[in-house]
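Below you'll find the structures, each written out as structure tokens.
Look for subunit A in each of the two complexes below; its partner is subunit B in the first and subunit C in the second.
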Partner chain A sequence: MKIQVVENVLSANEQIALENRRLFDEKGVFVLNFMAAPGAGKTSLIERTIEALRHRLRISVIDGDVASTIDADRIARLGIPAVQINTGGACHLDANMVRSALSKVSLDETDLLFVENVGNLICPTGFALGEHLKVMIASTPEGDDKPYKYPGMFSVVDVLALNKVDLLPLLEFRMDYFRRGVEALNPDVAFFPLSCKTGKGVDEWVEWLVAARSKLG
Partner chain B sequence: MTSAPCRFSTPARLPAVLIDSAGRIATVHELAVTQSMLNLALEHAERAGAQRITHINLVVGEIASIVDDSVQFYFDFISKDTLAEGAQLSFKRLPARFRCSACGQEFPLRDGNWICPACQRLGGEVISGREFYMESIEVE
Partner chain C sequence: MKIQVVENVLSANEQIALENRRLFDEKGVFVLNFMAAPGAGKTSLIERTIEALRHRLRISVIDGDVASTIDADRIARLGIPAVQINTGGACHLDANMVRSALSKVSLDETDLLFVENVGNLICPTGFALGEHLKVMIASTPEGDDKPYKYPGMFSVVDVLALNKVDLLPLLEFRMDYFRRGVEALNPDVAFFPLSCKTGKGVDEWVEWLVAARSKLG
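Here is the complex of A and B:
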């Protein structure tokens, strides 16, 4: 006997993500899901953004990593509440992991919640967390061909930050080629070339974020 | 298998990376989705009062980041002692497609060739290729 199912395999995750989102909206918390390859600068961009906004908005961070509390410790040193999720091998965060971590986040005292996903360009795209915005950080040393190699990630994000632009003089990074791939996959993406090291371009991103929050909030 | 506290937690018994006798490597990404897939199939089979699941028919988009072999591999592990043990998985692949943002033409996404065949503009909106759903199951 054949039974028609026609149901998203990840519908359990989608359901929890929806519940997370409802909770965020009810509490007025604007949530960003930061995704990138390992080493692209997720934590660095979060640190820069915290520095720029900490006197205007109350920020909390959830850090996802396979192991260690290195990232949450970095954030905690800034005096910002940070919760570490260790996925124990899993290559992405899912909505249920975030839901569990939320018990340790004071949502009533948070305007902006940054969720730092596990460093990976593939798996996190399939798992909604309940976030308002998906933010991808690419970095120039990774190469200009990444949009062509990882269309799944590049096509799904709302924001693309290209980090480490201070290294461009040392690299053979064809900005035109990179941008053409991005525009082909995701013409509406908000694109920010920046350097977390020098701070160049960070202001543009931060102001855009503040505006996006007030638009959705 | 051990009962998991939720549908998405990684079963503690399985290591993060498994390599089977044929040298195939399965990563935990597929473990999470396979667990979810198994739960969905079992839910529908139990509702129908079935004794056994013989086939699970899946539809997977080209850019959904799902490796068939890897899913099958995990499935064989985690379906043991369930109604789905021994079930055959079939994967229908859906190609990735774009809709041109300039002229609306729909065309396939191909490496290095994302140019609209109608108006020669580059790219557009991805309209299919991310799917991962269960079309049907066959039961006895």
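Here is the complex of A and C:
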């Protein structure tokens, strides 16, 4: 009897992520998946990026949270279309949640779509959403040992923003130790130390993002 | 045909947690499960509590992390027995991981066992370990909206420590808004604003813990 071997079967999530990605490419929408621990500053970085780019590009946002519409409300206050996904307890977004939310996003009128994942440094790592770039936000008060303790997410992201550098004078944060940990896991990551509060370093990130989008377009 | 109904079947995790708990009670070991987002200060609060109680009670620690032995090393530097569990990617501790680690803990020579969970504000909530108390550490730089966005953990814990109050002057943290969110979810929680860095508020927590242990003994 001959055994049938089926190779390269995609998981259900990977399959739907691929379909999301095809749709994004067809519509010319550049999509970012923002991931971080709770309170690192995902919404704040999205707000800052919107402020810098809203007159150059059309932006939409999908916000993922276990509960509440706090984040989507913050984005909507900027006059930017925002859709809130409440996962109802689930610890990450998946491609199908994003697909469902897309019915409420005007892709034809969007150049940049920011997807804000659930605040969690572990679980979102394994779930592609169809995004072009994975963006991680770490923050200085979380400590300099995070790359060593949570290597999974640090390994897979395209961009690492280190937020809240304005607090550095008050913290015992060894930048060298942090950078060495990141370097060992992900030498090619684009690294942006910044402060969403003071605005320091945000321009560098924004210009990099514009260039990354152009390359893909 | 009569249908057999089996009621109150415990999940595998609940069953093992119950067995852990029976063992803890038999040995007179009071067990705390420390949960928090990454970098909120779980290890720091454990260190401070050890410093305050090490001459009154015999303490052991089980540290859970996705990777590394950074936390167990910190505890061992204090001369306290520490066992590190590496979950290898898993986003929470479960009762069986703790049971396995117990083979390396001298329960007969332990009055207080601190179990430090993986840094995650969502997934550990659903997994009892056999502990007597669930302790959550929030931290001020995470923001004042966390009870609203992560209601699950805030609802089930016995103790809530709000760490890094020394940073409050630099943050836009509305204490009233935070407290109202906690109150709505968990009016009976024991609340301790404190700073592991300066030591402020740590005594109140430590004395409460000693009293809680006495009540159960």
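Definition applied: the second predicted complex is superposed on the first by the 207 of 217 C-alpha atoms of A that agree within 3 Å, B and C clash if a C-alpha of one lies under 4 Å from a C-alpha of the other, contacts with A are read in each partner's own complex, and residues count from 1 in each chain.
Heads up, the rule we're going with is that contacts are C-beta pairs under 8 Å (C-beta built on N, C-alpha and C of every residue); 3 or more make two chains touch, one makes a residue touch a chain.
The structure presented is a predicted model; accordingly, all values stated were derived computationally and were not measured.
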Partner chain in contact with A:G201 - subunit B first, subunit C second, else both or neither: neither
Touching partner for A:P81 - first (subunit B), second (subunit C), both, neither: neither
Which superposed partner A:L185 touches (first subunit B, second subunit C, both, neither): first
Touching partner for A:P193 - first (subunit B), second (subunit C), both, neither: neither
Subunit A residues touched by each partner, larger count belonging to subunit B or subunit C: B
Which superposed partner A:G130 touches (first subunit B, second subunit C, both, neither): neither
Which of subunit B and subunit C A:L170 touches, first, second, both or neither: second
Which of subunit B and subunit C A:G64 touches, first, second, both or neither: neither
Which of subunit B and subunit C A:D94 touches, first, second, both or neither: first
Touching partner for A:Y148 - first (subunit B), second (subunit C), both, neither: both
Interface residues of subunit A shared between complexes with subunit B and subunit C: 66, 89, 91, 122-123, 148, 151-152
Subunit A to subunit B touching residues, read off their complex: 1-13, 16, 66, 87-92, 94-97, 122-123, 125-127, 148, 151-152, 155-156, 180, 183-185, 187
Subunit C residues touching subunit A - in the complex, by the definition given at the top: 37-39, 65-68, 70-71, 89, 91, 118-123, 139, 141-143, 145-146, 148-152, 164, 166-167, 170
Partner subunit A, residues of subunit B touching it in the complex: 6-10, 15-17, 27-29, 31-33, 36-37, 39-41, 44-45, 48, 50, 58, 63-65, 96, 101, 109, 111-112, 114, 122-126, 130, 132-140
